[in-house]
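Alright, structures below, take your time with them.
Both complexes shown next keep chain A, but they swap its partner, so chain B is in the first and chain C is in the second.
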Partner chain A sequence: MGHLLQYVLNGLARGSIYSLIALGLVVIYRGTGHLNFAQGEMALFATFGAWWINDHGVPLWLAIMIAAGGAFVVGGVIEFGLIRPAGKKSPFAVVVITIGLFQAFNSLSGLLFKGAATGLPFGTLFPNKPTDFFRLPGGAIWRYEYVGVLVTVLVITALLFLLFQKTKVGLAMRMVANNPDSAKLAGVPTNKILMLSWALSASIGAIGGCLVAGINANVNLGTMFGVFLLASAAATLGGLDSPLGAVVGGLSLGVIESLVTNYPKSWWGSTYIGADTAIAVAFLIILVVLLVRPSGLFGSTRVERV
Partner chain B sequence: MSPEPTNANGVAPLLDVRGLTAGYGQVQVLQGLNLRVAQGEVAVILGANGAGKTTTMRAISGMIARKGAITFSGDPMAKRSPDEIVRMGIAQVPQGRGTFTDLTVEDNLRAGAFVRKGADIEADIQEWFDVFPRLRERREQKAGSLSGGEQQMLAIARALMSRPKLLLCDEPSLGLAPIITQELFAVLQRLNAERGLSILIVEQNANLALGIAHSVFVLETGAIVASGTAEEISNNDAVRKAYLGY
Partner chain C sequence: MPFHIRESSPLHWVLRIISVSALAALAVYIASDSAPSTLGKITEACTLAIAAVSLNLLLGFNGQISLGHSTFVGLAAFTAGYSVNAWHWNPWVSLGVACLVCFVLGLILGLPALRLKGPYLALVTLAVAFVWPTVARKFLDQTVKASTLKGMRLRPPTWTGLSNNRTDRALFLFWLAIVLLVVTYVIVRNIRKSRIGRSLVAVRDNETAAAVMGVNLAITKTVTFGISAALAGVAGWLAAAQLATLDENSFTILSSIKYLLALFLGGAATLAGPVVGAFSYFFADDLLKTNATKWDFLPGPLSKGPVASFLLGVLVIVFVFIAPYGLVGFIKLQARRVAVVIPRPLRAAPLATESTEHISPAVAGEI
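Let's turn to the complex of A and B:
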């Protein structure tokens, strides 16, 4: 039982990062119905940006804030300059563009940051000496680093929920997500809201990327690949248009991944079952959930009476 | 019976639409449409399915590309965007109601006040709850869970939250039971009589339309083919045959 708690705690830390990236996906999906395949690589680019700023003597947390601000601008520009014109042609064009951006941001990172392919050392965000942990009843330990990641994500999530539920901009975002035509008729400048959604999503991604790099103590061109895969799975599991679903989906997948990876190891002392199997199991679970609930755990099934 | 530049009493109309053309892609639906709504009146566009009623409403609200001259209180608005038009004082209840189904009833009303600022928004919400007590009972429910009639009431209240000078209603009777429809039209009539709200309604149901209208425009394949007072239109033989069936 001690193991169980341990694996769950470890899984929650990683899972919270999936949640964050998934939230970024959901913020865009809700507004436009587009899946941003470049979410992970945009985050990667911003993470390299934070590394670069930090490397020039700026404290890491401040560097991350600056990178998140830069990502905000880049996200808005991408919506305005690429996604919006493409969306007027066809939704398919948008898919192609986000896949192109995926490639572009990865290549650009490789070009601009020397040593990106093999990896650059990323600073620690939370105390992470071997002795930095809480001891829990039953023998489990909870590393400060994991607590820090989880708390950071939960705080950002709470802020996002406040934004959605308590501010006028948030109301406008919910209006556009629910019924773009009616939002326009109510006077919402929907284009600005979509631009804001992309900007916000890119910022969220930037922070997510930096959290991953912080835990890995390294950032390289492959850092966000698996994370994005699981985050998009988390968003799908949660229902794509539900922020709550993204959070629950991400945390669940993180825990599942941790259990599937670690239990066999503790039983057989082997490492045969690795991250790949974890991903396979995660996708199997998603498949089952979607078969039972096609709109995901929290996705809107659009109960509408005529 | 073609529309005159001004009303009989010489006052410039609240909404004045001239030579309006609009459509979808290559297809031109509206073929130079003219209509006027005077301050304080209920005007009705009567037309069969597919005549272009919804297209007219969407063109007025700036939801689709259009050409022609449209003025509101004398201000040109044919080139304005939907949010600017709402700010000018025109609110539309679209066909199919357009409620924000995932939002609560209360948030739907706040949504309607998007173009406004200030503390009196909450007071207005309470006011519309007084007018529509059913909405107050359901204020924390998602709008999608309301009945069709309740949703139509909500859609109207939501539009009125922007404090418009002119309310556009696109087929409010669609899909509603006759008794609910009557209730709804009574509400619209009261809003006009008691608050002086100007209303432009689009309807297929001629009996309903003629019952509430001060002036009527008959729309056929994208152009106004007859217009006049409700009485004049009721006595027009061709219109009677086509829309009233006798």
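Let's turn to the complex of A and C:
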């Protein structure tokens, strides 16, 4: 039983990162109704940025803050310069642009950072010596690093919820998500809000990317692809327009992934158990959930008027 | 004032015959005058085009997104490769079987698609694309007991007079790819131009209205999924005919994204769009990749491999701004200034004949 607890707790740490990236997806989806395929790769680029700044002697926490700030600006610029004008042209255009960004950011990382393809060592914000862990009942251990990641993400999530629920900007964001036309009529600067959504999303993505790289102790060109897939799965599981759903979806996917990867190897009758299998199982669960609730666990169903 | 051409008028037929024979002449010219490696690339581009055409039937005309088409292509390739190598099947039989297997899987995947829309459907199909390499790996490990599966090594039949050397084989595969692409195109074209095609578009535009008008939503949507999957199977079979080896990484989500990109770049919901898009995408990618290695003006620390890939991404983004409805959409928009094809009146019930007078040039359909 002790190991079960340990796997669940480790899963929660990874899951919290998925929920962070998923939150980024949800923020954009609520504003514009688009899935941002480039979310993971934008975060990857920011993570490489943080690595580069850190490599030049800046402490890691500051480097991550700078990278997140940079991502904030880049996200806003992308919305203003690419997404907004393209959205006016054709419904397909935004999808193609996010796919183009996906490719551009991934190869730009490979272009600018030597050794990106094979991987660069990435530090962690938290103590991660072999002895840095709590002992839990039943012989399980809970590493400080996982505690740190989980707490960091929960704090960021709490701040985001405060932003959505308690501030005027958050109110405007919810209003734009709910009904863009009415929001515009009521005097909400819709364009600025959408720009802010993209900026915010890119910024929390950057933090998520740095946390993943910290856990893996490494960042390479493929780091964020799997994370992005799981995060988009988490967002869909929770309901694409529900921030709460993103958090619940992300945490549960992390736990599922951890249990499938670590636990009952004998169940599968094969030695081949990799992260892929875990993701496959997670996706199957999502398929079942979506069949019962087509708009995810917490997503709002849109009623079509005839 | 643009020039008006009536559909199926003698002039329209002349234009059609000219354009088709020009394309045929181009194919003959390429076949007679190209190195085997070039022919091989065109064959690959045809594979991409067939997959994009099949995706267009589903996404462009029926409005159901699928990121899982790489699975169908991969499944067909594996079915063909395995049945020919392990059971010594006739490759042509394996084409039929591969398509049938894909059709059935498409029908099954079409069932959840009945309840899911837009990004939710995108995610579920993405999940299928993600699961496929795991399944393929397991199949390779446990059944084939090797890390790769051999391709079909299709030999040119004797009646073609071609031998089995590299040049002749490339030539044979080139013509085979062209024929399969034309067949797939004609199938999708005929579906689109028929009553069934109009019901597909009706479902895409407004499900409720389509249902009220008597379209069976469940059957239309699942069967479209099945047919689209079967056509994607043709692409997979062709890949198995061309490639020496197949493994689980041959058909991943990235392939699905490539089909989607080819479709959108060419123009979704147009007949020629996916073909044009696939060829442009494939050769833009190929040109960038082969030329980037020669760019010595790049500063030292920049590695040359990612440059091509980066430029392709940027190119895609820039292209969307120039032609938001794809290359074919763009050409149509320009061509409309010169000439407009006025669609033939539908062979409808006699009562409806009067309305055909009022079809405006603006709604002129696909060429």
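Rule of thumb we're sticking to: the second predicted complex is superposed on the first by the 294 of 306 C-alpha atoms of A that agree within 3 Å, B and C clash if a C-alpha of one lies under 4 Å from a C-alpha of the other, contacts with A are read in each partner's own complex, and residues count from 1 in each chain.
Criterion: contacts are C-beta pairs under 8 Å (C-beta built on N, C-alpha and C of every residue); 3 or more make two chains touch, one makes a residue touch a chain.
Not measured: the values here are computed from a predicted model.
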item	value
Which superposed partner A:L240 touches (first chain B, second chain C, both, neither)	second
Chain B versus chain C as contact partner of A:G100, first or second or both or neither	second
Partner chain in contact with A:L297 - chain B first, chain C second, else both or neither	neither
Which of chain B and chain C A:L125 touches, first, second, both or neither	neither
Which partner reaches more residues of chain A (counting touched residues only), chain B or chain C	C
Contacts of A:I17 with chain B and chain C, given as first, second, both or neither	neither
Which of chain B and chain C A:L200 touches, first, second, both or neither	neither
Contacts of A:T277 with chain B and chain C, given as first, second, both or neither	second
Doubly contacted residues of chain A, that is, touched by chain B and again by chain C	304, 306
Contacting residues of chain C [partner chain A, same complex]	112, 115-117, 119-120, 122-124, 126-128, 130-131, 133-134, 137-138, 141-142, 208-209, 253, 257, 260-261, 264-265, 268, 301-303, 305-307, 309-310, 312-314, 316-317, 320-321, 324-326
Chain A-touching residues of chain B, taken from the complex the two chains share	61, 63, 81-83, 86-87, 91-92, 94, 98-103, 107, 110-112, 114-115, 142, 144-148, 151, 158, 162, 175
For the chain A and chain C complex, residues of the former touching the latter	29, 35, 37, 82, 85-86, 89-90, 92-93, 95-97, 99-112, 114, 229, 232-233, 236, 240, 270, 272, 274, 276-277, 279-280, 283-284, 286-287, 290-291, 294-296, 304, 306
Of chain A, residues touching chain B in the complex	168, 171-172, 174-175, 177-179, 181-189, 300, 302-306
